[in-house]
């Protein structure tokens, strides 16, 4: 049994992680931390855990966490995560980081998009991006894995194969994404107050969403060259799920069947990517670690569509997939 | 044109009121107040008003309000409302109060349920309860009207006729109410954070919801005797609408048709109560000032069902209905 | 591995059952039947099963089913179920029946409420009602288990202990239930067309819902005497979840804490009933086999509240719980 | 008072039209037709009309309609509409057609996209496209107006000004649209069955939605040249509202402020187009005849966003706006 701590355990991704780990035969949750909610039973903050987890939230220092746990999942906000993780690594813990802190490779890009200095700049660029479908072999030896963002996972899984195979242009990619409200977190905001966002769809952060450089970095690795994207996130009145509709330009004539076959071949051995013929809805992958991908050719464009559950394949499920790879368990265990 | 001010104009009932008054041929909105949001255009706080109302929210004193407006709709919270209204009345304004401050007739009952001393106790018991279906004749001469609560309107319109006609017992009334989320207001709370309340129904404030004494007082007037009720409110994942399912005990044998006919007769001349044969959904009266009422007889009980839009017939629509009566306009004007 | 067939596999309860069985270490699904959809891959009808289950829907006769499977879950409609099950039992299959066909004990009561003659009247009254919390010891030896209805499970789990302990009167029970839309099934109806039922709540089948005699029969067994209830179901705009708010009358003075303690004691060893202090929302038990129960005392009434997921504890989860008991597996396996 | 008939009065656009006309001081509804539902009170089919409209649905021939009404709104499906309208025009009626039958100008394009021969090909290309913002002066003299589609209205209002002003390229336009479920109509379909589409977003009809040629035709008129678009519609779990996010390429450098100012200037005198600075949500224009438009510049693209209520500005509201123009009433009357 691997002893596990979860930092920042009051949010939705942490809750989802707890639920997955509770059915994981090789994991035991030994600590849950929270700065604000310290010393209350976890079930008080997350009523759905009643009778399932007899553990309190605690306000623990890194050393205390390391004394109890071998593996730490950090659900802390960006900045806070990279301020805490170095001590954990030094104390011998292995870490899966849900924040964006180690997803980029440049302190300057981080500062540009996040508006603050990176707390641990020397490590940037040396941390594996925890998307097994692209970087599987680098995950097992890692002590720190940067768990991908939810939007990036959906966009990258649809576009990276086409870039890697040289099927589409690097210069003309538009990603129009739609997300359920849990993606905005548990912190109270007027935009996610029920009567404001229910029965309404809107775009937000156009051209300045922080997942943009993350998408561009990883697509750039897939393409072997700089990639720039237009990324537009939208808020959809539903709990969970992301659909990314991406528009790219084929570099040579390609039929719909050829594009689909390229995707099918690329993901032939992947347990969690389903290349489907139909147009998927986010509900098909709701509460699962699957990402459903398909493509259509319309006029001079390839339209790819990818659906996933932002809290599972877009966060907690991917984290457990990384954990399984790090510790040599079956990749699909508990997922 | 009657010059109108709205106090506490940032909430949902105020927004709904503004929308109704914008199409009212005899009303002109001349002032909107807000303590926190003072001096921003109303359309910034309520984007749906863009291009429809060129007025700023202002932090105004009662005297300033009275200098501009003849009629004041107070959407202030309880306590604050009764602290402000006396000055307005003294300055010659006529007032429709959305708060609960003048709906009860006893400072003691108010203190028991609201946990604070009433700011204007002498006026209690002398203010008309602005439910035209029961107190129409007292509204035109009034300078202050206590606009009814949303739950009470739904419960009272279903039960008062049966009590008044002596059809049901005063002693065994259960009101199980279900409300959309806008009823909880615009103030941020975890319980109305989208991912918490979406796809979930729950009861709240069982046995201690503040609408209980209001329902009991008005049903008591209808019955001509003390009435006690069990009142259980529930939060339903939808924007607006209240359905009250009430269980009462007939004092003598009564067929379903007799109960329905009693309701039809009672409301024969009412423009906003529809006694229907089918089981109404809240959507039938959504965005209208109607209350739909029906009844069924099951074993030894009468089950009454009443639906209304909590922001219209349960708040702003009723307020305009009262305003129309106070000023001698057609009761249905703009509704 | 127990070989399993599912009859009537196109609906929501069957889909949920499939998902649970896919993670069950002792179960193997070997046949899925459908009369209308025969001979299409299951994943075509249920896209969420893509890549998870490589099995077609087939139009199979009972003999063909029995040739392949040891255990059969029947998700057929009432009437059809009891017309098929006798052949399966004769052929040596053990059966969990999701329909209402074997939940009542009298052909007359069945005919009254279901409007048709029972196809297998002799077996009525001899089949265990598969609610382990009340009838656990009778389940393991059974070859046929009547899986409880969703509303009855919620109502019975809240009320049966109080009746069994003699805490409440048998004569004055009102059950006001609220259900998500999946409870109405997958057959297209105007009432469950999205724009009709979204953003609306309504009651239906008041006084004549077919779960009424089922609730009364089982509560009667708990009480050791005839029980009559008023049962009012409501349709709530959400996918899944049932909240039952029940009003009963204590036969002697009882404090809230005493009622809660009685419930806690009654369910002390139950893995799937959580007696909670707070007012539960249906989301707390969403996608789980839990039923959350609590109670309040208001004036002269006990108000019990119970929440469960209608597709899990109200159907497929309960069925697997029964299956586990029938075959001697851990009761919580895969749940 | 203009006497009005509505053909095909059982659907959602007809219901919305009825509600608008009920508050229109110059309109009187004198006939409602339905082939399937003939001879039932309208309120039985649309319970929200109870007590508001005492009229039955009737199965009327065109001659019977023409005998009663001056102006006819046809909510018939495509094909059926153009089979009926010629007789009405011959009988002297003026007609607003909600169907797509007269929106295109070529029988061949119609046949390609709708898969059937046009019933009234000679009239194609001679009927005004009822979008007052582009074709206002042609509407008053018309006896037949083709009311625009919901998606086209949202896309055209955002893009036509930029094309007309020569700000964007005609060759690289992507329209990613999101619509509430009422847009799919009232006919029962699995895709709009509540438990299927609730809590899910999906794309549909990619590259082959019938609104594509309509959008291209009108944008082509605005551009003065052939325009081709990629149009991707999505189904969003909400009742009503369309958000179109369109990506176009500026032909010369243009700042965000310049694009916004171009839109503001273009729509300076329009009563129902609001050019806003913020990112609009569909809720801002819900239940109104407004279309909210804004723009952002991201990298080498202009991103325009437009929101409207598909049943109002996208159907019934636009129809009444056309009716007002045809009959010389104030354009905003009842809207």
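All chains are identified by letter, namely A, B, C and D, in their written order; residue positions are counted from 1 within each chain.
One rule holds for everything that comes next: contacts are C-beta pairs under 8 Å (C-beta built on N, C-alpha and C of every residue); 3 or more make two chains touch, one makes a residue touch a chain.
From a predicted model like this one, the values you see are computed outputs, not experimental measurements.
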item	value
Farthest chain (mean CA position) relative to subunit A	B
Chain pair, A-B or B-C, that carries the greater number of C-beta contacts	B-C
Cα-centroid distance, subunit B relative to subunit D, in whole angstrom	36
Interchain centroid distance [CA atoms averaged], subunit B/subunit C, Å	39
Gap in Å, rounded to a whole number, between the CA centres of subunit B and subunit A	46
Subunit B, residues touching no fewer than two other chains	180, 197-199, 237-240, 280-281, 283-284, 286
Subunit C-facing residues of subunit A, complex	47-48, 50-51, 199, 274, 276, 278, 280-281, 283-288, 290, 292
Contact set on subunit A toward subunit D in their complex	174, 176, 178, 180, 196-204, 206-207, 228, 230, 232, 234, 236-241, 243, 245, 247, 279-284, 286, 296-299, 301, 303, 305, 307
Subunit B-facing residues of subunit A, complex	12, 181-182, 186, 188-190, 192-195, 197-199, 237-240
